[in-house]
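I've put the structures underneath this note.
Across the two complexes that follow, chain A remains constant while its partner is chain B and subsequently chain C.
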Partner chain A sequence: MTAKRARNLAFSAIVLIAAAIWIFPLYWALTTSLRSENRIISDAGVLIDELNFSAYIDVLSTSKLPLWYLNSVGTSVIITVIVLLTGMMCAYALSQLRFPGRQTLYLLVVASFMVPVPALYVAQFVLMNDLDMVNTWWGIILPQLIVPVVVIVYKQFFDAIPREMREAVLLDGGGEFVLLFKLYLPLNWGITAALAIITFISAWNNFFWPFLVVTSEDMMTIPVGITQVTDAFGVAYARMMALALLAAAPVIIGYLIFQRRVTEAVMISAGVKG
Partner chain B sequence: MSKANRRRRELRAAGLLIAPFLLVFTVFFLYPTYKVIALSFTDAPLIGEGTWIGLANYVKLFNDRLFYTSLWNNFYFVLLTVVPTTVIALLIALAVSKLKGRMQALVLTLFFLPYVLPVSVVTMIWTWMLDFQFGILQPLIAAVTGKPVPVFKNPYWVMPMIAVVTIWWTNGFNVLLLIAGLRNIPQDLYEAAALDGATSWQRFWRITWPLLWPITALVLTLQLILQLKLFDQVYLLSNGGPFNQSYVVLMQMYREAFQLNNGGYASAIAMVLFGIIVIVSVLQFQLLRIGARK
Partner chain C sequence: MQDTGVHLRDVTKSFGAVDVIRGVDMDIPRGQFAVFVGPSGCGKSTLLRMIAGLEDTSDGQIAIGARDVTHEDPADRGVAMVFQSYALYPHLSVFENMAFSLRLAKRPRVEVDEKVRRAAGILKLSDHLDKKPAQLSGGQRQRVAIGRAIVRAPDVFLFDEPLSNLDAELRVQMRLELARLHKQLGATMIYVTHDQVEAMTLADTIFVLQGGHVQQHGAPLDLYDDPSNRFVAGFIGSPSMNFFEATVAGHTKDGITAQLAGQPDQSFDIPLRHRPEQGTVLVLGMRPEHLMVTAAGGMRVTVDVAEELGGVSYQHGTLEGGEAVIFQQTGARHGMHGTVQTVTPELARIFVFDKSGDRVR
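Presenting the complex of A and B:
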């Protein structure tokens, strides 16, 4: 048995080393960000041996990072709320009610999966320009409200709820909205949290669309904003890495706190049960 | 309550419930889809009206050498990423699933973490890792090739290195799906096989591989579609260079529309990608349906 234990231990060690190598770029960014610019160029020890926060202070005081945080949080939260509300309502109608065009609508939603959204960006930009929404939060938000997977997943979960439960509420005189928000939604808080997480992460991390629709620095989201600063820095590795880590901090911390939920959410978005 | 009355209430409720989604869906999805198709037959600038020119944009595409470079790079990038990332993810998933408890949670976290990062954070970190002068990976590159290489400015290195960065960034997603797939394989199959004296090699090819195939196929097709939509990493790491050698279709669409002000031509470029992805999606759907039936 000891031979087997030793083998298991060795195996664990190898996998752990592989994982450490995998995450090394992130660690190296942290190490770099905590050094003075001069030391980075003169010698490159791998260990964290200096706790110099001047790069962080510099980045926070000279860039518009706080403003970009605000834009990212604001747009991502609004996108998440609207996507979930509209998606859940539509899914409820598709799942529980009979109305003309129901099949067509469902097929349209399923078919929209096939469309590569970036291929629509030219037309969406023209539309945003016509609506005078370039360089505004709504310009960032509106085209990102199309998340068909939310409708599909909600519909599947609503389909699974036994009909007797709704009959009971209907007999009590409750309408469809009461049913949705007092019965179907509370029964699906888990899935709601999961869908909220994936919608929020993809809105937060979206680069291409905000990059197109925003040109004024004050309106940029984090992924777009930080690329502007790098152009302005020139060669300044510590500041660049401090900036990257400050930009990544909310998602990293959020992921570490809600780890289980995030992994569950990612699997649901791909249609796989964990 | 009368039946007709109830029916009327149901219809009204349905209307109110689908209206918000339908409005957003029509204005910001269906209409742009129609619009991009229509634009591709015109000579419109990005902002403003154009005139109908029939298939002229598509004819122009056939003679556009940059477009061939872009298409080829999309194809090359798919080769460089889809199967490699699936194989790497499978190896990691197999290793992680053998670990237990906290150790497993820790390792999985480390492998998954890059996936949640914004793309520009990823490209900033890798630009630094691979910096020509001070990048920590340059000694490694020099050991193999004899000298440091400015990877994103070198026509041979640029696409493979963008692929490496992309795999590092997105691989965690695939690992997660494959681990879920592995967990769904009944444990007693392995126990029975072990009793019959099957080697771990046989157990992998006879049990794990066939039972995991639906998930593996899902990962492969999701990756294929995702990687065809490549833009961010190219724009941020190489900006299409050197000498346009790393242009991809969406990069060219961006250039035509937003830098050269050719909305119509850019739409025609977008339509080609549109067509490719629709075809791939239909094939994927068929493939997964056949997989599910078995």
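Presenting the complex of A and C:
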């Protein structure tokens, strides 16, 4: 009994230390953002001994952060909605409809999963340029709409729904749309939430593509915007950290709310990818 | 009232190269309770699903009443189906499960409410309308599945082994409720089952299927008393009929004398209208309840297992030639296990089949 307790305590201690190491950079960013720029250079302490919000005020009033927020939220939400809707419909067709070429199509979806996204950046940029979509939301959004994982995960879940349930709907007078939106989707809210979260987070965090396709400061998303601040202010640690924290805030708050779902989502997508 | 019977004409079904249903004709008049029985894999479910429209019909015609529905969608046929697995919608309440078809048909709220509550009343589900299927017992789930069918007021109810997931006691109870429901609704019902008792008690007509054919159909007792071939004779009745090989030893005034194969001292004078030639090889069928224990002179059976059910007992044993035999005892309490008994068949109740299995009358 006591040996077991001791082992538990030791284990808890290790976990605590690991958590502390992991959270330290975040904590340091917080303390740094709450100091004045001058003090940061002279004194690299890590305690919160000053509550100086000037960095936040400065960032919020002088940079285009509100606009970047809007761009990030807007593009991420649109990406999430379209990716889920099209992914779900595609998965439904592959899983439930019988048509020639179904297997081939599914193999294509799986194969597209193997193409590294950065390999397409140049082609996509040229395409967006030709479509006159550089520096627009659609320019940011379109290339991010191809997410084969969503199709693959949905298909697996749709495959698992018993045939008789589908047949009951057919007998009750439902067609494919009723089947998808009143049976398959409601039965998979959990996985839908999980997929929405990973899609949203990856769109939100996406740096390189928006960085390429957007040059006007007004159209930037937050991750791209951060680079601008660094340039504009020189080495302004407090403001950089304040901006980074503001950028991360929605994701962190979202994570705290949907904690369980996020963990689930990461595990599911890791399962598919790994 | 319009005809809502089910009529099949030369219906066939093949999955790729495999013929599962081969030319089935049947007429189930309006309001009848028809039961499909047959060994596993004989195509009972497939035939039922074809009537429902869940499987395409390869050839032939399916009509409900005067309407040819062979190529209609399931929802347009006026049929409702109750599945073995219930197939309830797990995310919807009992009420919404039953209301699903009405909501899709965009029926007015009042009508939906009234119809669902009435069905729930019939099925004693009124107290459970807000529950999810997962919160119900097996019997209640089955009732919801039936309720979902009732609400649509279909012309034809289709049941695919609806009670096989329930325990014995509930099965008996639900069987009675189904019989009551059939009387109450007066709709045509088609029911697939493995259970002899369900078939015998529920059916107006039993269809015995084998290998994609209807072997025989008729009222339960007609099939029991007058099977038209060896397969039906063996399939209907539990425990099943005993079969012994025999040869025609001679003709009598109104029948034949048949001699058991390998047992020259065992011969029976069986009344028969068509008398096969002397020397013809036949199969004799005797039901367990038609074998009487007699003092001497009968077939000697070594009893190796005795199943005592209280009222009746089934004695399983072997003849001298090694053929398995079952006979029934009523009210007897003297353990026959391990003993040798002599049994004699009721001559008028011996069924005679030719070598191909057809009945000789």
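As a convention for this text, the second predicted complex is superposed on the first by the 260 of 274 C-alpha atoms of A that agree within 3 Å, B and C clash if a C-alpha of one lies under 4 Å from a C-alpha of the other, contacts with A are read in each partner's own complex, and residues count from 1 in each chain.
Methods note: a residue touches a chain if its C-beta (ideal position, glycine included) is under 8 Å from a C-beta of that chain, and two chains touch if they have at least 3 such contacts.
As the structure is a computational prediction, the values presented were derived from the model and not from experiment.
Engineer: If you stack the two complexes on chain A, which partner ends up touching A:Y106: first (chain B), second (chain C), both, or neither?
Structural biologist: neither
Engineer: Which partner chains sit in contact with A:M241 here, chain B, chain C, both or neither? Use first/second/both/neither.
Structural biologist: Touch partner of A:M241: chain B, not chain C.
Engineer: For A:W137, decide between first (touching chain B), second (touching chain C), both and neither.
Structural biologist: Neither partner.
Engineer: What is the contact status of A:F258 with respect to chain B (first) and chain C (second): first, second, both, or neither?
Structural biologist: neither
Engineer: Return first, second, both or neither, reflecting whether A:L145 touches chain B, chain C, both chains, or no partner chain.
Structural biologist: Only chain B is touched by A:L145; chain C is not.
Engineer: Under the stated touch criterion, name the partner, chain B or chain C, that contacts more residues in chain A.
Structural biologist: B
Engineer: Which parts of chain A are touched by chain B and by chain C alike?
Structural biologist: Touching chain B and chain C on chain A: no residues.
Engineer: Mind pulling up the chain B residues that touch chain A in the complex?
Structural biologist: Touching chain A from chain B are residues 9-11, 13-18, 20-22, 24-25, 27-33, 35-36, 39, 46-47, 92, 95-96, 98-99, 103, 105-121, 124-126, 128-129, 131, 134, 136, 168, 173, 176-177, 180-181, 183-184, 215, 218, 222, 225, 228-229, 231-232, 236, 250, 253-254, 257-258, 263, 266-267, 270-271, 273-274, 277-278, 281-282.
Engineer: What does chain A use to touch chain C in their complex?
Structural biologist: 162, 164-165, 167-174, 178, 183, 186-187
Engineer: Under the touch definition given earlier, write down the residues of chain C that touch chain A in their complex.
Structural biologist: Where chain C meets chain A, its residues are 52, 54, 73-75, 79-81, 83-85, 87-91, 100-101, 104-105, 148, 152.
Engineer: Can you name the residues of chain A that touch chain B in the complex?
Structural biologist: Contact set of chain A toward chain B: 11-12, 15-16, 18-20, 22-23, 25-26, 28-29, 32, 40-41, 44, 46, 82, 85-87, 89-90, 92-94, 97-99, 102, 105, 108-109, 112-116, 118-127, 129, 142-143, 145-146, 151, 175-177, 180, 201, 204-205, 207-208, 212, 222-224, 226-227, 230, 237, 240-241, 243-245, 247-248, 251-252, 254-256, 259, 262-263, 266-267, 270-274.
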